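Each of the next two complexes has chain A plus one other chain: chain B in the first, chain C in the second.
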Partner chain A sequence: MVQDLNLNVAFDPKSIAVIGASSDDNAERKSWVGRLQEFGYTGKIYPINLKATMVLGLKAYPSVTAVPDPIDYAIISIKSSLVPMALRDCIAKGIKVVHIFAAGFAETGMEEGKKLQQEVISIIKEGKIRIIGPNCMGIYNPKTGLTFNVRFSRESGEVGIVSQTGAGMMELIPHANARGIRFSKVISYGNALDLNASEFVEYLANDKETKYIFCYVEGVNDGFRFFNIVRDCNRTKPVIILKGGLTEGGSGAVSSHTASLAGSELVWKAFFNQTGAIQVDTLNEAVEQIVAVEKLGEIKGRRIGIVARGGGVGVVATDTCERAGLKVPALTKETRLELAKITPAEAGSSIRNPVEIGLGRFGVSEYYAKGLNLVADDPNIDVVMAVLNPHVYTQEGVGAKEIDQSAQVLIDTAKTLSKPLVAVITLGDSIDVIGMELHAQETMLKAGVPTFSTVEAAILAISKMAKYWEFRRSL
Partner chain B sequence: MVQDLNLNVAFDPKSIAVIGASSDDNAERKSWVGRLQEFGYTGKIYPINLKATMVLGLKAYPSVTAVPDPIDYAIISIKSSLVPMALRDCIAKGIKVVHIFAAGFAETGMEEGKKLQQEVISIIKEGKIRIIGPNCMGIYNPKTGLTFNVRFSRESGEVGIVSQTGAGMMELIPHANARGIRFSKVISYGNALDLNASEFVEYLANDKETKYIFCYVEGVNDGFRFFNIVRDCNRTKPVIILKGGLTEGGSGAVSSHTASLAGSELVWKAFFNQTGAIQVDTLNEAVEQIVAVEKLGEIKGRRIGIVARGGGVGVVATDTCERAGLKVPALTKETRLELAKITPAEAGSSIRNPVEIGLGRFGVSEYYAKGLNLVADDPNIDVVMAVLNPHVYTQEGVGAKEIDQSAQVLIDTAKTLSKPLVAVITLGDSIDVIGMELHAQETMLKAGVPTFSTVEAAILAISKMAKYWEFRRSL
Partner chain C sequence: MNNAIKQIIEKAKSENRTALTEIEAKQVFKEAGLQVTDTRLAVSKNDAIAMSKSIGYPVVLKIVSPEIIHKTEANGVKLNLKTAEEVGKAWDEIMASAKEKFPAANIHGVAVQGMAKSGLEIIIGMTQDAQFGPVLMFGLGGIFVEVMKDVSFGITPITKRDAGEMIRSIKGYPLLNGFRGTPKIDVANLESWLLKLSDFARTYPEIKEFDLNPVFAYAQGAMVVDARIILK
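And now, the complex of A and B:
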């Protein structure tokens, strides 16, 4: 397909023109040219600037048509009113894909902006050019050195993103990076004047480097096609979708963001039910769910075995599970008898579910690993959740070393368990302890253990994975 | 009332017997005597120990009856099977209130434990003694130096807690302390064999030092009385309640924790609707709601003005508000015209609601404070939420100093606003930046600005305050 060919060019261009290239490259506001240079893009960069002859050490040209060599891809970073002219130049030059960074189109809600957007649409009808945007951040592809933020990880991974918001990705990607997630290809596509969610998701569905997809959409202009692409993709690659503007008020906010048609809540409810896409409600939740799809994998059912503090904390965790559609069943008599052997009947200890393994509260005793194995082997259990609260024990001499040790116990134990393990390392109330706990989380995430900061986040993510796998097994 | 008198004794005892006092006081497991000493209790402590003659520098006695002076209060920290005998001694000695720390009663679900609990009930029927517990942590009263954890703040505050879980409070209190919350009086009361939630909430309702109450209950044995006490209290002091064991599975977990009768979900739904109590679902949410009741105060309606990043982030925030029952109305034309004067029409800026004040993204420009005032003055708005994401700008040279400055701008601006302000300072992805952001949050919370780490948490807390104040105005 011609269109897939074009997208390959966008993700792996041999040469890029930056139209509106600025020399003003400093810490406060990095220019597109400076960003490509710093992030390690190795292709040719052609700064386009009406006045300058050099930009950041590169020869600059007054327009793309003045460049003697062929150009694959262009980033347009000029005032919106100048975009039509620049775009005509790009067509004349034979550029295949253009990313329009500039805002000031239909999303403004003003007549002028809408007219400008229409003008761009008529211009591209004339040529073979394809547009990403306008009003967006474009592409992040660590493998080829493309990015819209130099803080993003330079390592490649298996998660692809298709997003109408760029600002949201400025936060989501570093947060996901800190949680051990690496990305294959990310597209921020804004107003979707030409290329839309359908094209991008289809591209990632066929992309060998991408195994999981997250999609932030405000509206789609080809609902039926998008429906089919997402449903097909979900057979092999989980698709997480955050639909912005699902509520009445939110749908008003959408029109002022990307001028998309938001669609009704009922339609989207049916969409999620029938495509199997994993629905998330916020960008924070999206990060948690990305961790779950990548690190947790298949779970066979909704019955969870909890190894945590008991008492009221266990009661609340059980309520949270039930509200999320998970079950916290009683363990078999056999399991309880085995647990009793390693768990002293002291205040707070419990051999029910949630289980509290008294002697292994820091997670470092041999009993702890043994207890996790017993719970996992119980025939009533599909998935095990282990909750550690290291900060509760820091006053009792637990420090960074012990916290790292318990992370290692969980990593080692996860490999021996007969059921998937989810870990929760809750965060303390002082920055020192939080630092130790985040470090332990990072180690565990890098080792492939799905790890969360709150029981609530873990349970929500697990319940959505259970639903996804029910859908996938039903196909 | 005799019973109130007894509780005064429990919160402010002139002398305490620790039955089962241990000399084994070290960092790993602090004893009750060591804890009282370290936390600054200035009354008399009488260690009771069959063998020792001295415990941590204090003269020890074989039983309370061997102590020559009067004793107000006792903490029983011995094996459950020995509790009846110790209790008979306490009655003989004329001790008014006893805290039974020991577990191993009805909560075990075993015949032996249930029998023991029945035995204790018959013993106390004979005397005038009142019991807190068993299976609980007892009292934290910073003013009189009573605590069950030496990490808790020694400063007094205005929030009182009545909780069936002690382990949960071990986490909740330090977290709330870190969020600028200080407590008046806290009771962990476990199995509620004698004194129950009703007595404790009534006591705090009449306590001048307590202005807000949080209550974790698994079950109450006098539903109608509890209903009336909570409803009356809500007329003047907000009561936040986390009902543990509200779901079917959770109610099973309750019986193995405090052996309470959990009650049906429908009954509790009616309870919350008719008493006006603020319902929370988790202990983390309880901390956020405590911050809201203390720092936010009354809000007149559900219409929120958001000053934040725009684009997709604003769309998602709007959806989150609508789902929580808040409205994100359009601002008046007048407000928008004024905002346009201080907000350049660059990518991402917006003069709608959510408003993005482009030039003041760090929160430090004069335009930022001006923008907040404009939004607050809009007649369509009841409450203003300002969201800052400092970590997004740290790569652009924003550091600890600027983050503290923006905290100060919010503190100063909050005082001038015509509507209540809620702040969100989201957390970054590296421990350095998180440290700076938590520090800014702390400063703001101490200055009385209700501050949260996520938009979701802020919105949920605001929506529950709106509901509470609707209830209170309807009386």
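And now, the complex of A and C:
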């Protein structure tokens, strides 16, 4: 429990020392002190700099031990060779958690860096202190105004991230923000010299504000513990994992078949099968899966009803579904009879599945919502995917108004639908139209409709959610 | 912790061996609750002939030496021996070949075992993974494991669900499920073996790797035909 307390301090510190704050305000404005100020951190900030007396309007101190008041948390942003000294000061000051931003440790692969990392390990063994890092971006917690990038949303959400990469998060978080995702707590933990993925995932598993977890790991210090924590967590909170560096682990001369076959890729496959964690392969896919996990909810099976304009589009979507392990079953005769009543008698319009009703040349067909409901109510269907490609109709007068209108129809319909709805709004061929389509996507995502830009991304995300819920039901 | 298993492991350790012999390994797995072929150690040609008679023909002879792990390559395995004469001749050939190919090997004797009724060839194994500890492997034997690498893994301890998933997730699973007139394999039994071996791997951390290769799986039950255990 002491450990939990320490991590709470890291996410909600009442005071922060920035060790290595610059004496040049223009430089520091873009660094840790400036970011905290700009992002709205309301606790006390103590810039630590040997020479400066003031940094960005705050009184500066030569070391943390010179600060008269207690300090909860420190960010060490100095060159690696000076870190041991700063760390000893932090211990003397009674600081509970330290984020070492500085790089130049074991990750360099150089003797000097490894030695320095060993030195830090022996220092923290002596004192009561926990370390995040080194070589990482630390914490983003919009609720308490902590961040490592001021472009991140200041609104809080329900997704927590535990990531070994910080640079990857600079890319992923704004991208996810644009897709309507907000975060509860994000940790970039780098070399995991002390606190590691297991501890952070366990913390987020018990965190009431976090409902979904995404984790980027390369290696784990104690794999068995990580395995158990993820397995337990994933039973109630979905865990998405991107395992970096999955390659065949050839291990020289081995004497049994089993050892020679047990490359890390196969063992990690077992990890995913047994924990039920959702595996993603890229950071882009991680964003799509986060959207699905948060906005799609439980789906009861793999049978998908596709509502898309254009026969070929539906055929290709069907193939993609089947390849991803989803089924595109024919709708019942009853549903087809009902659909026939509302579908305009256009040549070749299919009412089997995929169903061809959609955004017509005059904006949303008045029958569109009715059609979606009919498909959703079909007993052969577990989830509905609506595909819109508004740009196809721009020559016929479809513009921002019509596109927003269709977004609204999807939002309203999703609320009354008997099965989960996934929407795809593909992106067109000119900046103007793409802008309109992105705007529609944003509105839908904010309203809670899982919306994607491509059929492939939607299907991959849906198939992984189907697998996840199968796992949950198998327990 | 099983005393007989502990003794076998201790004996090997006291002799500075990391490899158990086939006979020792089979005894260990028998104690762990699996079915193994009746395998006895013969230390002379006459011994081998007498044991063959008591086990019942046809029999298999295999070289027993901690230094000779890949017995077939050392010409140390003779199958389907039907008479005392064939057993005697096999003994001579095995000894001659072992002395020629592994002159320094410490030869305990020859294992005499009954020919197991043929079944679907399975491989089950365990290795210590650097990140996760003991992991179990399951696959179909022969070319499926050698060429196709069609195997699945499980991080121990596994659950009953995990055991079922390990078996069902290999590509060759339809072969266990009755294919072109072959019998449906007793999958429930294989699941229970995987669970027993998961316990076993966690109970004896001094074991670095093991292979049960092959196991013959039947419509009812299964039989360990060859086994190998490597200590840390």
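FYI, the second predicted complex is superposed on the first by the 442 of 475 C-alpha atoms of A that agree within 3 Å, B and C clash if a C-alpha of one lies under 4 Å from a C-alpha of the other, contacts with A are read in each partner's own complex, and residues count from 1 in each chain.
Convention: a contact is a pair of C-beta atoms (placed from the backbone, for glycine too) under 8 Å apart; a residue touches a chain by one contact, two chains touch by 3 or more.
What you are looking at is a predicted structure, and each value in this text was computed from that prediction instead of being measured.
Counted by residues of chain A touched, the larger count belongs to B, out of chain B and chain C.
Of the two partner chains placed around the shared chain by superposition, chain B is the only one that A:R352 touches, whereas chain C remains out of contact. When both complexes are overlaid on chain A, the residue A:F271 reaches chain C alone and has no touch with chain B.
Of the two partner chains placed around the shared chain by superposition, chain B is the only one that A:V316 touches, whereas chain C remains out of contact. In the overlay built on the shared chain, the residue A:E456 is in contact with chain B alone; chain C does not reach it. By the document's definition of touching, of the two partners only chain C reaches A:S474; chain B does not. Of the two partner chains, chain B is the only one that A:G168 touches; chain C does not reach it. Contact with neither chain B nor chain C is seen for A:I121 once the two complexes are overlaid on the shared chain.
Judged by the touch definition given at the top, the superposed model places A:V150 against chain B, while chain C stays out of reach.
Of the two partner chains placed by the overlay, only chain C lies in contact with A:F224; chain B stays clear of it.
The interface of chain A with chain B overlaps its interface with chain C at residues 254, 256-258. Put simply, chain C touches chain A in their complex at residues 19, 69, 123, 125-127, 129-133, 135, 137, 145, 149, 151-155, 158-159, 161-162, 165-166, 169, 209-211, 213, 228, 230. The residues of chain B lying in touch with chain A in their complex are 27-29, 101-104, 108, 135, 149-151, 163-168, 170-171, 174-175, 177-178, 216, 218, 242, 244-250, 252-254, 256-258, 281-284, 309-316, 318-323, 327-328, 330, 345-348, 350, 352, 354, 389, 391-392, 395-397, 426, 428-431, 434-435, 438-439, 454-456. Across the complex, chain A meets chain C through its residues 219-220, 223-224, 227, 254-259, 261-262, 264, 266-267, 269-271, 273-274, 474-475.
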